[in-house]
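When the chains are written out, they are named A, B, C and D in that same order, and each has its own residue count from 1.
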């Protein structure tokens, strides 16, 4: 399995964010997307998730399956997609059911260290805990490509190392991680793609 | 006691008032047992976690 | 026990636990007496037996207004003195007041049907009770919408105080507008006009409703205090997780 | 289908738990209906005659204004992005949300309408007709409003914009809803034809609404 981008370009608000970008990420590989603010890191991730349309080029997961690329990615954006009125467990169960997971949500909660408070309303969580709940959905519903936009934002050091472990396990299982970040997110042997370098 | 030609309306009025009172009492009682249950549940979890940490 | 002691929620819960059984017993007895008196009350020479609906309608109306008055005091307590129990008292009273207003409207409409030939007329007093009902529902909606209970309580307190202006309008609307509805007949200059044989069961029922209200309100306040404890404990557990 | 059900149940649960949900639309409906006699005067004969139209107008306003937050909250907390990566086609996801909204907001309007009919002195037979036409017509209002809700979230503007966008589109529903009611009450036109057209409008919006809303969301999120 391989994610291939072939001379892709993206325009937002009349401004060309990136153009002629080609790269490929194979199963078990991680790609760090770096670059200054406004270089198009978020746009690239959103484009891969199918949330932003490409103006040129193609993006595909090879070999071609019967499922579209968008159905095989997890998109972890700046917002956590957590509903404060639902409990922690209910939030995760909903996303797992919606994203087609059959995995055990308890294990996923344990992986991010929230298993003791699955019964609490998500409204009582701190920003870092909401982030962890958001990450739990990647674990609970199995999808090969993870698109992480500043995944370590508002995470403390133990949670960051938890996340590094979760990403490692995903890569060892033949997954793909593409992360946009300024910080070191603890990925060993990650290739780097620098946007807007020219 | 005879309720006269409009007995239905009198009975209906008392029935509605009774229903409202029953509704209010049910709300208070059920809410109380629900809060008690959640509180007990939270206390138990808290105690379990404390003992696990030691 | 000094009043200041009651400000402590734990003391308050203690008090509720001791007082509640007596209040429940008193309410049941008061209703038994009130209903018996209501059943045996003579028919009105004009309205016949339908006057029995009045024994529900009028106490419900009085209590609905009294409840708003109580909420206004609680609102002052919330806004001015930041009293910890004032929020709780206001929030616990709102659903009970709404239910009483609803009872007043429905019984009034069931009384109006045989008397006026229609369930509803847009007469001044009925309409202002309807507005009171809408205000109650607005306060409830405000409590339910607010995610942070403290902010919700302050917003509701403002609304309650503004709505308090509505109470005198209800009381005096009968004098302001002349309509189908009966004129003010109990508290008017020159003493009550209603016959004591009807007035006595009316006051007995009013007392029963008052006891019912106090009982329900204390029980609802206890629930509200527990709900806040649940929230505090959830916050604490989330913090230490 | 599990994804559809999960989304439907989540939205129902969210409205029931936060914000008074079902009560808010019904309360707005009650207030609109209460205001009309203040403006027209308490003439019961007049109110009885125009009552069905008032109820229809009130239900229309209540169900459209309640749609304001349908997508906005999902957009603000990032849920909409994740919803878009689901295997469930966006058209169906949008349908699930609209269905949940109708069940928690539209259906209560139909249920409280007979009570409000009493306030407006509408007779029993006429009230049945109003309730029946509202039951058939409010889904159309919700699913047409869905388009406006999707457009207003992508334009990052809420509130009145939605009403301005959508109200012209609801004209046919209002026309046939009220005329079916009047036909049932006073004749001389039979009840059947306008009611059938009303049902057809509901079914049509059930199809067009989700497609248009999904397109608007896809275009607008870029």
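Just so we're on the same page, a contact is a pair of C-beta atoms (placed from the backbone, for glycine too) under 8 Å apart; a residue touches a chain by one contact, two chains touch by 3 or more.
Just so we're clear, the structure is a prediction, and the values are computed from it rather than from any experiment.
> Out of B-C and A-C, which chain pair has the most contact pairs?
Comparing B-C with A-C, the pair joined by more C-beta contacts is B-C.
> Could you work out how far the Cα centre of subunit B sits from that of subunit C, in whole Å?
That pair's centroid distance is 18 Å.
> Centroid of subunit A to centroid of subunit C, CA atoms only: how many Å?
Taking the mean C-alpha position of each chain, the two centres sit 54 Å apart.
> Could you give the separation in Å between the centres of subunit A and subunit D, each centre being the mean of its C-alpha atoms?
Chain centroid spacing, subunit A to subunit D, equals 37 Å.
> Report the inter-centroid distance (CA atoms only) between subunit A and subunit B in whole Å.
Spacing between the chain centres: roughly 46 Å.
> On subunit B, where are the residues touching two or more other chains?
Within subunit B, the residues that touch at least two other chains are 45, 49.
> Taking each residue of subunit D in turn, which ones touch at least two of the other chains?
Those would be 18.
> Taking each residue of subunit C in turn, which ones touch at least two of the other chains?
147, 234, 237
> Which chain pairs here would you call touching?
In this structure, the chains touch in these pairs: A-B, A-C, A-D, B-C, C-D.
> Where on subunit C is subunit B touching in the complex?
Residues 39-40, 43, 48-50, 52-53, 56-57, 60, 95-96, 99-100, 102-103, 106-107, 110-111, 113-114, 212, 216, 219-220, 222-223, 226-227, 229-230, 233-234, 237, 240.
> Could you list, by residue number, the parts of subunit D that touch subunit C in their complex?
Where subunit D meets subunit C, its residues are 18-20, 23-24, 27, 30-31, 34, 37, 42, 44, 47, 118-119, 121.
> Where on subunit B is subunit C touching in the complex?
Per the touch definition, subunit B meets subunit C at residues 1-7, 9-10, 12-14, 16-17, 20-21, 23-25, 27-29, 31-32, 35-36, 38-39, 42-43, 45-46, 49.
> Touching subunit C in the complex: which residues of subunit A?
84, 113-114, 116-117, 120-121, 123-126, 129
> Taking the touch rule as given, give the residues of subunit D at its contact with subunit A in the complex, in rising order.
Against subunit A, subunit D makes touches at 2-3, 5-7, 10, 13-14, 17-18, 76-79, 81-88, 221-222.
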